[in-house]
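Look for chain A in each of the two complexes below; its partner is chain B in the first and chain C in the second.
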Partner chain A sequence: MHSAVQVPISTLRGVMATDTAQKVQEVRQVTRIERIGAHSHIRGLGLDDALEARQTSQGMVGQGSARRAAGIILEMIKEGKIAGRAVLIAGQPGTGKTAIAMGMAQALGQDTPFTAIAGSEIFSLEMSKTEALTQAFRRSIGIRIKEETEIIEGEVVEIQVDRPASGTGVKVGKLTLKTTEMETIYDLGTKMIESLTKEKVQAGDIITIDKATGKVTKLGRSFTRARDYDAMGPQTKFVQCPEGELQKRKEVVHTVTLHEIDVINSRTQGFLALFSGDTGEIKTEVREQINAKVAEWREEGKADIVPGVLFVDEVHMLDIECFSFLNRALESDMAPILIMATNRGITKIRGTNYESPHGIPLDLLDRLLIISTSEYSEKEMKQILKIRCEEEDVEMSDDALMLLTRVGIETSLRYAIQLITTANLVCRKRKGQEVEVEDIKRVYSLFLDESRSTQFLIEYQQEFMFSEKGAGESESMEVA
Partner chain B sequence: MSRGTEFVLRHLGELEELAEEVLTAKQQIVDLDKKRNQNREALRALQNKRKASSKESKEWVCFGNTFLKLPHCKTEEMLKEDQKQLDTEIEKLRDELKPKVKRLRDMEGLPDVKGFDLKSLTKEEALAIHR
Partner chain C sequence: MATFSWLEALKSAQKSALVQDGKKKIHFTFPDRTEMAEEYDVKTGDLLVRKWKKKKMLGGDGNWEFEVGEQYFTPTAMKEDLLRESSSNPIFVRKDTKECFQWRIRNLPYPVSTYSVTADNDARCCIVRTTNKKYYKRFSIPDLDRAQLPLEQSAVSFAHANNTLIISYKKPPEIYSLEKEIKAELQKLKAMKDGDLECNPS
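== the complex of A and B ==
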């Protein structure tokens, strides 16, 4: 597992205000990697320009029709056509449902918000189910906005502060700034001197000064001064001397999600809640106000709405209340595209005694576009195992790969993938270069797959505790 | 010349022309900003001088190759006027630059830069997005 939170928090200090949204995006990116670690090899859907699925591409193997279908949906998402629709990916376990969702997320790119949750994640003591779902929904809708500032950006050539002889009184000073094209002198007032000293600005620093607020930001040190000192802190960042004019107009476009705006504007939480992850419930009034504001901005041409994707894995874990909430929420004009995945057949809807296909009520099912995945063939399975080997940096001989594929066919793809890492460890233990047939055999005997474990349980039923079968003989077992 | 070649040539010509325009505008902004900074320095110098001595004096002003002696207040006025004009000129160039760059990207077959056609949020509005 990657350490999800540490990266962004360490960079939090001294961040420029305009950078905030970018940092937030980093957070989301990291969590995205962390949650679907088993699918880290997937780079996209592996389709060509005509939306036909290539047999093996971008980490995707097989499942041609499902990928084609996903590709069409992706196209519609990109054109902004199916906001507020829902897609269900259904198929047996280990047939690449999450992989397809992951591929879609990758293909959508940086700018489109993608949220992945598991169905069971919404059950929490701190938050109601619908609140958790609403938050997930609003995490998946981006608002694109632009900010414009007039800044002075340049390298400090010289900074000179005159202290009055009496010790107290008005300080005056001069600041010389340059770019690659020009150089100029600014007279400094007391306030400016204060903020420059606070930022510890000295000759050789690259700084920006916000024209409207006078806020000074240090961007780093100039490359030309890289050899000024021998010992330097690890934080010292070197940047090129800025080009062009000194007084620039800076435009920053960024996408924030509705949820981020919610959190920042719900007073009790504040900004830090975004990073600690502990957001609690957000009042409906706050959300309504934000919706109104965003709608207003859109009218004025100040904001674009970017409908993203909400992916709910293991959707059968949701109960009937959640389903009815989803039904309703999808009709809102600011709904993202909902992608769900399930491996269930006809089963009980959670929270009721009724059975329904995929454990989803029929009225919701009726709104869905359903994509189904099918079992992998032997060839495809081999291909996937090969890709996983590359991803995990494991060298494997052809025979071993063949054997592993057989194991995968007999048991399951997931079990076979587990064996890659373990076999590699065994191989390294015997100081081998690549994983051989014996390594696979060894781990196969060490780790049981699901069917062998079941077999074992059936055989030794009596020896285990609380066995329901043959409960009469259970006395002897406690001693054993 | 076949029609294909002609088309390509014309297209490339247009592309070059447009690129040239963009580069010129950028350079012009830089030149104007340089001028603006020099004027600002001059204005500041005049102000400091007036603070030092309350006496009304004349200043040397350089026009091209000739130096003229002009009254203090007149010089200041001239510079301020100049400054105002420079500001509007730069602003105008910047506003024109954006559609030009957009057209250039379009002709080069690059995707549009998303969001740059939006109006910018005001400072107060931006507070709602981040603190």
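== the complex of A and C ==
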């Protein structure tokens, strides 16, 4: 049972009907797909053209000097000439280290590879530490290359998406495309339907579809549709209907990472693939071959290297072997810019008994540019909480926000942010429109923050399990 | 001269052959790692399938591209949920006979007067057009390209029946002799029977 949502557009009424239909569908999809993450409000570094930090911009608040420093690093990355530099962002917990890294990723845009990993991610039984690091490095180097691919280019005659009546299940669809010479009907898969709806493709649009990746690009509207009484923006472009065959071979420029090329070339071929256990490791010979090949393409002018960024969060979780590997890896001219973040002060280097600032050996520290973040002021904290409220769609009264800011100052920013969501739920339960002081008080009493919890533990230590052993002997955490 | 070089290329390629289901299947690997597979009917000696697999630029295997014959089973499930041509569209297949290169386009319901087929020697391809602008196809004849022979309009003929447009191109005499030589060359190849093993299990 399918209910058809047809999209043939010939009259104004038709246009409006489909627009609303599309909007409803869109809202549904957004609520389903996009979830609100800890850093989903960040859209960039919030700098002006002179690389000065605006107080509040693109989701960023405060940390002016750190953001300015990050902006300069960003310029260095964009120029793409210098390989293997490393930057350390250091600061107390909850001062926006990861936020700055995310802001840099956003500011770099789609074409520059940005890989984010956490320091503990590289420890795995399937793969050695250095292999995991090498893969992360190679994921952060892009190769811009010309390749011949098959594309479909034509004018949309009709697009039809059938949704199952039950509301769930697989959607199926049909797309009719034409050129001046021919017409073809395509069956659409779910992914294709999604990207067509995202691009808002309608009848009368001229589109191209990359056959291998399924990427849809809207070129403009057909000239033959110019007389329709469509409401159109000033940027609507009119294009001629393509000629000849729908499917063409075209040279397109795209960016792939070195790691992707590694993977393509390292698959064991033929029936031997059945016997080779897939450990996920890539042979050094394969990498060397690919490096040689890339160098060759570069000399022939077929490819460009796009150095990207590798971001390692919680870098103190790496051990001494990883650090010495990094020392060496940064010297390669294929190395990306390495950004690390840590919230530790002077502490033990993992895997040794030596202490060092940030838990990083001095020889590596010597190669780093260090950016430090500082505590937020009350005003900044209030600003951040306000942004988070908007991001989570929470209405909050001024008094409640003031109180929450105080809570944030007393405890931590993260705890305060947690309270936004919970207070909103409490507010909704009592059918309120706006989060009030009462709601904040209620969740504050329901959920302990870290210092109150510690206080509680100290007071009632005797009542917990194994306390008879004596509290004084508690062992320090083993990190090796 | 050029005809000679195609024969040379075949001779220099690494070959293996297998007889299975009344078909002789031959697999060629050329020095540039391009692969070609052919299937001949054992009784009539007709070429049923010729397909190519080229290495991609970034490495890794490509898919088989059919020059002659067609892929009978469609790959199960749509690849990564993208899109594919609807089965109601015209299907273009080459299927040769002894005298002609022949193409069949199925699912074309329009009357015969709709079509025109022209051979364009400059672009090295034949073009099928329809007056109702429903179908258009450019296709090359790789055999003639390899032999560097001209395309001639006089060799082209077409007919329409049972929703199928059949286009024939009469093979020039040079192709005849070349095919004879290739057949003789392939006869020398020792074919394995289905079930034979490459080495003796002892």
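What we mean here is this: the second predicted complex is superposed on the first by the 318 of 480 C-alpha atoms of A that agree within 3 Å, B and C clash if a C-alpha of one lies under 4 Å from a C-alpha of the other, contacts with A are read in each partner's own complex, and residues count from 1 in each chain.
Assume a residue touches a chain if its C-beta (ideal position, glycine included) is under 8 Å from a C-beta of that chain, and two chains touch if they have at least 3 such contacts.
Please read these numbers as outputs of a predicted model, since none were measured by experiment.
Visitor: Taking the superposition as given, does A:K237 touch the first partner, chain B, the second, chain C, both, or neither?
Guide: Touch partners of A:K237: none, neither chain B nor chain C.
Visitor: Output check: A:K348 vs chain B and chain C. Expected answer is one of first, second, both, neither. What do you get?
Guide: So A:K348 meets neither chain B nor chain C here.
Visitor: Can A:E147 be said to touch chain B (first), chain C (second), both, or neither?
Guide: both
Visitor: In the superposed arrangement, which partner chain does A:E181 touch: chain B (first), chain C (second), both, or neither?
Guide: The answer is both, since A:E181 touches chain B and chain C.
Visitor: Which partner does A:E245 reach: the first (chain B), the second (chain C), both, or neither?
Guide: both
Visitor: Does chain B (first) or chain C (second) touch A:N265, or do both, or does neither?
Guide: A:N265 contacts both chain B and chain C.
Visitor: Looking at the overlay, does A:K78 come into contact with chain B only (first), chain C only (second), both, or neither?
Guide: Neither partner.
Visitor: Touching A:K191, do we find chain B (first), chain C (second), both, or neither?
Guide: A:K191 contacts chain C only, not chain B.
Visitor: Can A:E300 be said to touch chain B (first), chain C (second), both, or neither?
Guide: A:E300 contacts chain B only, not chain C.
Visitor: Which residues form the common part of the chain A surface touched by chain B and by chain C?
Guide: 145, 147-148, 181-182, 184-185, 187, 244-245, 256, 260-261, 264-265, 290
Visitor: Using the touch definition up top, name the residues of chain A that touch chain B in the complex.
Guide: Those residues of chain A that touch chain B are 17, 20-21, 111, 144-148, 181-182, 184-185, 187, 212, 244-247, 249, 251, 253, 255-256, 260-261, 264-265, 270-271, 290, 293, 297, 300-304.
Visitor: Going by the contact rule at the top, pick out the chain B residues touching chain A in the complex.
Guide: 26, 29-30, 32-34, 36-38, 40-41, 44, 48, 94, 113-116, 118-121, 123, 125-126, 128-131
Visitor: Chain A touches which residues of chain C in the complex?
Guide: Touching chain A from chain C are residues 56-61, 78, 80-89, 129-130, 133-138.
Visitor: Hey, which residues of chain A end up touching chain C in the complex?
Guide: Those residues of chain A that touch chain C are 145, 147-148, 174-175, 178-192, 209, 211, 214, 244-245, 256, 260-261, 264-265, 267, 269, 290.
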